[in-house]
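Given below, in the form of structure tokens, are the structures.
Shared chain: chain A. Partners: chain B in the first complex, chain C in the second.
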Partner chain A sequence: MRFNYTAISLALVATLSACGGSGSDDTSTPTTPTTPTTGFSFVATEMITNLTDDVIVAGYADLAAKGDALLLATQTLLTSTVQADLVAAQNAWKSARQPWEQGESHIFGPVDSLSIDPHLDSWPLNTTDLQTQLANSNGFDADTIKGWNDDVQGFHTMEYLLFGDGVNSNTKLIADLSTKEREYLIALAEVFRDYTAQLDDAWQVSHNPQDANAKPYAELLKTPGDATNTIYSSQLAVIEELINGMIGIVDEVGNGKIADPFGESLTTADTSKVESQYSWNSLTDFSNNIIGVRNVYQGEFTGGADKQGLIDFVTAADATLATRVASEIDDAILKIQAISGSTSMPFRQAILDADGRARTQVAVDALTKLQATLQSDVLPLLSDWNS
Partner chain B sequence: MNKLLRQPYWFVALLGLSLSACGGSGDDEISPDPIDPVVTYPSYTSIVALGGDTTTFDASNSGHGFSTPSLNLTADELALHLQGDTNFEVSFTTAPNDQHPELDGLGPVFNNADCNSCHQRDGRNSTPFLAADETRVKLGSAAGIFLRISKAPAEPCSVGTADNNYCAPIKVPDFGDQLFHRGVLKARPDWQDNAFVGQADVYLSYERHDEVYADGRTISLKKPIFAVENPYDAPGETKQSANVTSNLLQDDVLMGWRNGMPVFGLGLLEAIPEASILANVDADDSNKDDISGRANWVFDAIKAQNGDSTPVSLGRFGWKANTPSVRVQSLGALRGDIGITNPLFPDESIVGTSLHDSYLTRTGFVDTGEDVNGAPEASAEFSDSVVFYAETLAVPARRNVDKTAVREGARLFEQLNCSSCHTPSFVTKTSGDIGGLPMSDSLKGQTIYPFSDLLLHDMGEGLADGRPDFLADGNEWRTRPLWGIGLTQTVNPQAGFLHDGRAATLEEAILWHDGESKTSKQDFMALTQAERDQVIAFLQSL
Partner chain C sequence: MNKKLTLLAVSVASVLGLSGMPNAQAATNTETLAKAIAKQEAEITILKQQLATLAAEQKQQQQQNKQVATQVDTVVQQATKAQDRLSRFSFNSYGSAVYTSDEYFDNVQDTSAERRSRTDLERIVTEFGYQFTDDWSMEVEIEYEHGGTGTSLEYDGFDEFGEFESEVEAGGEVVVEKAEIRYRTSKAFGVKFGNIHLPIGLSSMLHKPNQYLTVQRHKSEAAMMPTVWNENGIGVYGEVADFHYQAQVVSGLNSEYFRTYDWVASGHQKRFEEVNADDLAFAGRIDYGNFKTGSAVGVAYYYGNTSGNRHKSNKLDVDGALSIVSVAGAFVEGPWILRGQYLYGSLDNADAITQANKTTPGLRPGNFAQLGSESQSFFVEAGVKLDEWFDIPMTVFANIDYSNPLMAVETGTATKRYENTWSSVGINYFPIPEIVIKAEGGLHQVAVASIPDTNFFALGVGYQFSL
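Up next is the complex of A and B:
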């Protein structure tokens, strides 16, 4: 996990380290903690419930539904000669990509513990092994593919088969889709459908597939501090998880997904590092990542009715800051989308173009600014909150 | 542990002054009720900063608790740490990778393709689960658990020498000392029928038994059982085959599960003075408390590389304290678990086996490192950053130390004698090297609370794997540090406890304690439900 220092951390350690390590015996009667007299108040229950149900769970339910749709769309391709069927499958892939990328703003819990993230979204793709398997296998089935390495399954393997290599175009002809590619694609989509259903179940039915009595992960998030909840000990823990989740994806988009292929200069730009390069969906991915941040911050999907989100927590502490964060999130999304310029240039081409690189740098700066605000201004609010 | 039950009031008053300066619990804390008896709590009851100045606070409640850099790093050190962070998540690829040769060299056989998969979010790996219709599960890419393997020695090895390879486990011929269940596509000669399979298929299942408290409460405990099949040297063969020919399936091959461990705070553990650890050794139980504590003395690859004539050091890391330093542990895992050779371990762990030889022949000798001369696959820069990352991940601060249940749990933890092995605190050394290199100032002179003596203890037959590892016998395990343990399942909800993840809860982990810790376990079982909950509350606060 990639994290940076925060000013508050340094201040806190200076204070608290003075309290630790004395080695003295502690002789006293048990006490209850005193109530802080400073800071701000906010009742977080509604916000946590809403974010869990209407943003996170709703997002994974949407992903599972789109996993079903993607499987159906690929099955149509088995014997089709109609280009529209391939386009429909391509669109089904892009459609499934949306809730997944937006969900990366809260990539904790079952998506990680059940290894669903690497199964679905390993990058880079192993095209060498993929081609070898296409050449040597006689038929493909989902159970077999589940046992293969993650770099020959998931989103990007399907993307490669659906869109081609993406070097000069992202418009593959159905006539170029071989029988083995179709069979592999359908098996991959079945594996994908199974994992998205498993993720949905983990949040809504049981977070531990082996324990029928285990609670849904959503329940654990909504009941922190419950005696049986070994995951979250307090509402503060949940909010800390959510804020750090936002920081994590802003960092990953700015300092990883964009910065790595962007390089220090035109000569060090590396298009081979561009995620979703076959479909030319990269900029949509990146902006969806930050739209996911906005979903968590605002408490609703774009265009939805207003509900409590982290913005309400921040507003309780500092209304000006709350507005500034919202503005910086919106700005980052717009700057990412603007990388394509007036010619709808895909990201892999933009980083090789002088004007495109300038626009990319503007987006990176916006992400850097947002990350700094979340780390230095929002995260420290936790220590001021009278939870 | 009631010898400090009565303390003079001046001491209580001084303690109160100290605590109130920290914004603690105020007058209520320092004025014992004149009617209620004064209760004595262990000195660590209120400690928050378990890692001294390295402790992190702004992520210590959530799933990010193991993933932040130590707070006292310099700017240059932080940059190196963050580079290591990135490299920790790098997923290696099959050789050759023409676009990114710095990433190739995976395997050819391995357990995972990146560090993060066995140390999810820098914590423990997920415990494999069986679907409702399964009786066993085949280990694949989601498994962070693997088997260590070795041949049974003719007799116990007690003194390490060059002749006996310093009591190192005896490798299984043509396999080695770790079983790699995964492989690159063409790892095996029969790859077209066994794509992406490594040295053998490994299956895991569970057997269960119950532990019953005096009050009737019953806890079901599960123990992982392994089955190894389809070894590359005898495809399709199993232990039940009529004529077992595989080297791996012979009766004298010992096997034991190993889980990934949390990565944070490791530099601090290495910075504990050797003398401080050895001071707790009581190999012959001279104090007759039924708890021994033995040091493991293990082969040190750094000393060997530097030409030391006796390349042996105190073992501190690994489930049996079988590695001496973060550097040896990390780079050993890089080469072993992922199959990425590096400057400390330049040879593949399966070098010289028929599997490696045939792989090289089959693939045109491409698995030879980052250049045609076979330089190590991971550079010195890559390796150094990963080691430094593991050395300098912060220890998460404690939570809820003011809660009555937590404080009572600390008292009971002491009363149950848990602290005899889970030694609460040490002070790290103020100068010197770790892993053969100068130690970061961030690690020096810190009062730390790992709750481990880093020594070996007989934990009984139930936990035993029967497999010696240097001086550790088949029943012995190193005391697991408890710092951060309360965040284990916040970091990874599917994580289990103990060396093979068999314990789904801290309570189950306690109930597996036996051998030297049998009395502590029995005393725990004799507590009331409320008291047992308090012990768990204390552990959850760590």
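Up next is the complex of A and C:
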């Protein structure tokens, strides 16, 4: 330890003397001392409040409402023989998928601490066990399913039951939906509804179901630095969480969700790893993930009235950068959507197609670029901010 | 010294010679005689002085001799003491390194396995023992596992919801596997306390590489309960006729970490910095014969609640009583080795524990939360020592390991995904008795039709010695 101190002090001395030396060389003629850069100023309260209420909380409230709707749609299927009822349930599933995937750009707080993510969205699906449950279970109920492993419940189990195996088609006939599949589906939707409601409550009512006095998580996000706020010590911590959330999902989509099944070449492509492959909803999922990034960045959902978002924070520091980030986000969304080409090719087919692979690569590149910008240009702004 | 004696002798001789020699001339010359007498007297005086000196020297020498003798005595005493202390100290070590080649599935949907090979410095174990007195002794066993990094888990109740925090420790995983004080008054009765091995599962007793035939320890046991299970507690043990008995009260398991794939094994609180001991457990065993040295049969029983040891005590309001029964047998006679064990366990309120684990913030049991209300496993290994017939120190063996930690669930249907069977054949080669080189090849079957059987291959080297 003594050696370390000695080494550190030696290093410091060396560094200081080096600075002194070069400084005297550079300033052979005396100049007026320049004021050091003091960074930029931005009042973040409105932005944080807006992002919390109008983007995050609004998103989870939407998810909970769509969870309700999905349960109702599946309950209709119990005795139905009408194809339109199945299509309605499929659409209710896709509809619930939207706020969830967009919400992945801010997957911190209760969704993480209450471990809700794996209960809702475990992938890959355990089709073997799912078939076993269908073959052997006598009736399904929500409580029982909650005790099962996550890979036989949540979004993708419902997807598999609603859409079929997705290999050659994503349409299923209601006649092919067995009674057990219907019962399982309804129970799954009930479990799903419960978790989405719990998530919504955690943001709006109490972030800790075990503690009656716990504040809503939204409150904690909006009041950083309060004496009672044990999670966020400052607005800077909140903005850092938001930016890191965006980086996290861009990384996951580019380097995980797309890159994993894509492989290095056609021979190493693996369609079994494609998320949402039964419904052929993969590209919608991926673009929704990045739309979620845009929601946080712009401060409002697409098409909504302009409100403060992270873009205002970045603009305060560097207006050019702010515009560039906005266009890189838009570009990544467009490039993901473009993977389907002119023939509306689903992702699992596109990665096995030469042209599809070229389009996929373009999307991956756009995501890589966006991720680099967020990491190298946006995140460092935090250290320049005079909060 | 000898030189001095010679000089003295010569002097004495000359004096006597002078005095005894008749000399007519001298007799007639008184003056001369007086001179001669005076000279003789002078010489005698010198001789007396020399004798006195010699006597003093001899005395000094005797004293020196005495001192040397005392010193030698002290050294001998010290050496004897040291030897005695050394003989009270014992040091043993064993260890193993393995190479395995298995076929792995990427994820739960994958049915085309990919072959991967791995090497692992499984463990290096050192055991120190000391016999304080005839009755009192102690033993400490320290294990260095995988030569990799280790993490410890800590529960911080003051964080957000109460956080389970992992801390990565640098420099390799070092585990104290046993640290016990023993008081043994007779063969028939002894008490041990501290961190002691539970006598449940044969791996606790036969864990040195030369004590089991397979390259790695039996997979069946590891898929159901802690192998080489150690807990803090107190136990009595002894040997009456050919019966060996053990009865212990020890710290129990923590159900927060029970997992689908290895049932209660992960609940072993060695992952935590401190062991919660609100729920204690009872472990007992009785054997006829001795598994360590030869043939034996035995039964063991473990019983303990597991709910009280949870960190989040408000997540579960029912008991998670766990019981495990073991029946084991070994026939080791001449060249033949046959060993086997059957384990059966039951867990109360498995569904409630599953629910609690799934909804404990930060705990992340993730996908593997569902727990079996019943669990079972067994193994049978059979070997033949070839040196009985050939001049080669080798044992050939066959082994079957079976485990199903999800044998039954409280409600619904248990998946067969965790029902595994490993069948293998192999060899143990002993170039010298302290070293064993092992090879094993076999078949791994999962009881789900859509999951294909896979082949595995393993090589291992192990050593063990005792000072």
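Please note the rule applied: the second predicted complex is superposed on the first by the 350 of 387 C-alpha atoms of A that agree within 3 Å, B and C clash if a C-alpha of one lies under 4 Å from a C-alpha of the other, contacts with A are read in each partner's own complex, and residues count from 1 in each chain.
The definition used in the following text is that a contact is a pair of C-beta atoms (placed from the backbone, for glycine too) under 8 Å apart; a residue touches a chain by one contact, two chains touch by 3 or more.
Here the structure is a predicted model, which means the values were calculated and not measured.
Of the two partners chain B and chain C, more chain A residues are in touch with B. With both structures placed on the common chain, the touch criterion links A:Ala326 to neither chain B nor chain C. In the superposition on chain A, contact is made by A:Pro118 with both chain B and chain C. After overlaying the two complexes on the shared chain, residue contacts for A:Val205 are found with neither chain B nor chain C. In the superposed model, A:Leu72 lies in contact with neither chain B nor chain C. When the shared chain is aligned, chain B and chain C each come close enough to touch A:Thr230.
Looking at the shared chain after the overlay, A:Asn244 reaches chain B, while chain C stays out of its contact range. In the superposed model, A:Ala259 lies in contact with neither chain B nor chain C.
Taken together, the two complexes place residues 113-115, 118-119, 122, 124, 126, 128-129, 132-133, 136, 146-151, 208, 210, 230-231, 272 of chain A in contact with chain B and also with chain C.
Chain C contributes residues 106-110, 159-161, 260, 314, 351, 354-355, 358-370, 411-413, 415-417, 448, 450-451 to its touches with chain A in the complex.
Contacts from chain A toward chain B in the complex involve residues 1-6, 8-10, 12-13, 15-34, 108-110, 112-115, 118-119, 122, 124, 126, 128-129, 132-133, 136, 146-151, 207-211, 217, 220, 227, 230-234, 236-238, 240-241, 244, 248, 256, 272, 379-380, 382-383. Contact residues on chain A toward chain C in their complex (touch as defined above): 113-115, 118-119, 122, 124-129, 132-133, 136-137, 144, 146-151, 208, 210, 230-231, 270, 272-273. Of all residues in chain B, those touching chain A in their complex are 4, 7, 11-12, 15-16, 18-19, 21-22, 24-26, 28-30, 32-33, 36, 38-43, 45-50, 52-53, 55-59, 61-64, 67-69, 71-72, 78, 82, 85-86, 89, 91, 93-94, 99-100, 113, 117, 120-122, 126, 129-132, 138, 140-142, 182, 184-186, 192, 195-196, 397, 399-400, 402-404, 407-408, 425, 447, 449, 486, 489-490, 492-495, 504-506, 533, 540.
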